[in-house]
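Labels A, B and C are assigned to the chains in the order they are written; within every chain, residues are numbered from 1.
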């Protein structure tokens, strides 16, 4: 089967700082792929390259076999690439329904955009149900809790029906129960026609829900495989544990808050 | 050839004044994201300083008055900027468009105040005897006043450069400009740095004002005449970038002089504007811009 | 930020308010009495049209357009040129032109304006085309916020300069004047002012109805979304540049229409009316009235102009102080304007009454936040 997303030798330079260095990545249809790596490894930059926020200095990004490097951000969304951000951004002054309706309407013809929304469309109703926001449908999004905003943002992605979803730390700041729900949703989506790429720091979450993991370090892919394979990879161990080399050279600031693979206790796994 | 050179000369002097004005604007914009529409009235205030000196305390020493006017105008305009920042702008952090309009309101009030103080008629600053005269170089007339203006701008630029790169206060200013949050958590007193920046930026407008008073009559609309061009300089130069502002000022100043000479004053302005729009198609972030990771929304 | 107070989008309430306003407006000349006052109000109604358009761009779309005078002026000049030609026999030159220029026949630029309908079309469409081009050039390159404001301001300045600089074609600084017959009617005949007022009133009602339709449509929501977070809109698959350009064009078209109506009302069309200062004053109307509410924009245009005329007739010098002060006070301390203040008083009153009655409202309406901007 042809991969949905192909990243071929992509490099990104920010005024001399090499954020990505010849990254190759290939994600198949229906896959749920996790991207991990220490801070500054280039995870978000990689996602930015796919969604068009950053242009690669070298290399090529292909979606469904076609190069998308020349497309702008909104054009990429229209070809079926959806993304969420680290901090949920919803439109505070619009209601939950209006937020979802706006997300769904992106394929409407310009003329019908000038008409008033008369009802809640089926797609929006289903999504409201799915993300559990039916009760607050007519509240302004600004009045939602942080977790609800995150769900709304996910809902806005889902209602667009993208073929490829890129999620940047979707469970950050969520309660254990919400994490479980999110994980289940990710699996449900990947089971269908959708392909997901998820940046996640939370190792417990990763262990429980990840199938295939790609490890980035200093802008390069250093390992790829199942969670067990990746954990067993000596290079990965060095990236996460073997700080001595970096610390001495001072090349990379030690990411203090970075979770260490071995030290993870499956907090979610236990509660679940 | 001669006309080209004299156009260039006029263009460069205009550019040098735009540079001082634009530099002050980038300081305040780079620092706080504030477009200060009252900046033009700081120029006006600076321009009235030599006039006031020559007609009052220093009426006996009109040449000396001009020299005294530079530091004094810097102080006057600087204090005006400081007051504006402390009283109003500090409360409006994160609302750049509202701030723009508020400073416009201040600008209107200052213009009316100037009319009440000095009447609506234009005033002339008497050119000091030591600046009367000109040199002819390759057929180009270099008036001493314009040369003097150039000299003042160069000296001021050197001063700014030394301040920004050598002094602790200047380094703090650059730090806050580049990353306010990081500077704040690193323990820099950002509020005090903001005040310094506003004082300095506005003070530069005061110096520009004295320079303006030397090359033509001054009036309540003196600031308005320069401010819009200075904003365009800032837009083309790129925000908070000294090098960009210098280049942009030279570019727009000379372009204006040449087009104006070839056609008319109105077309000069229109051509500069068209050029700015065109330029932004290629460099939307200005002449000097850095490539960084796009901010996640 | 709750400009739209979501959930209270009751179309019937708005329709009834609109009809009441329309009725009041058309009855107004009868109450005013003096023809001078009627003319004055007709002028303010034209300003209200500009304000409504500007509110769509700024209040809803977050685009601070400081150069609306350009579009207002284009509309006014288009109609002013038609009126100038109406004063002279067909095919002959407008009076100023025979004075200042050596033209022997009507210049090509002037010919279309012999027709009323062509002039009207130019008045509305030319501003929209210019706004469309400028909008695309600027927004596509993601130039926004204060930069957009400055660039639009520059357009108004240049417009005035070009008008002044082309004496032979535009009558320069003096402008077009001497419209003694207006669309076949004598300017000084009784009833002409009233007739002009009615045209302005209908114009305002049309502009208001269109604006209401626009802000309530999906596009209107998209415009608000773009104002609040342009980048997020982009990642929903919309091009924010297009969204904003359309909003800017709507504002420009409305200003153009207002200008076309204003030309006969003013009786003179000159560059000073459309320079950067009047352009920024237009922003003041919307700010004082309350941006983000269309009624606020109308209210602001009427109130600020009433104050202006009242103050400058008795103490002309104080008006500039007052205008500056209005900007400072409104934007620094009550960014929601009069409409925002009324709304928060209303909300406060409602909650106070509800508290007194002891009713427990579990799902309180969202508190009205001061209307600021999202940078």
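Just so we're on the same page, contacts are C-beta pairs under 8 Å (C-beta built on N, C-alpha and C of every residue); 3 or more make two chains touch, one makes a residue touch a chain.
Given the structure is predicted, the values throughout are model-derived calculations rather than measurements.
Ranked by number of C-beta pairs in contact, the top chain pair is B-C.
Compare each chain's C-alpha centroid with the centroid of every protein C-alpha atom shown, and the nearest one belongs to C. For subunit B, the chain with the farthest CA centroid is A. Rounded to whole angstrom units, the spacing between the C-alpha centres of subunit A and subunit C is 44. Centroid to centroid, with C-alpha atoms defining each point, subunit A and subunit B lie 46 Å apart. Subunit B and subunit C have centres, each the mean of its CA atoms, that are 32 Å apart.
Counting partners per residue, subunit A has 85, 89 as the residues that reach two or more other chains.
Each of the following residues of subunit B touches two or more other chains: 297.
Across the assembly, subunit C contributes 229, 231-232, 235 as residues in contact with two or more other chains. By the touch rule above, subunit C contacts subunit A in their complex via residues 1-4, 6-7, 11, 213-214, 216-219, 221-222, 224-225, 228-229, 231-232, 234-240, 366.
The part of subunit B that touches subunit C in the complex is made up of residues 29, 33, 35, 88, 91-92, 94-102, 104-109, 111-113, 115-116, 228, 231-232, 235, 264-267, 269-270, 273, 276-277, 280-281, 284, 297.
Note for the complex: subunit A touches subunit C at residues 51, 72-74, 77-78, 82-83, 85, 89-95, 98, 101-103, 105-108, 112-117, 138-140, 142-143, 156, 160. Of all residues in subunit C, only 62, 64, 134, 137-138, 141-143, 145-147, 149-151, 153-155, 157-158, 161-162, 164-165, 229, 231-232, 235, 276, 280, 283-284, 287, 317, 320-321, 323-328, 331-332, 335, 372-373, 375 touch subunit B in the complex they form.
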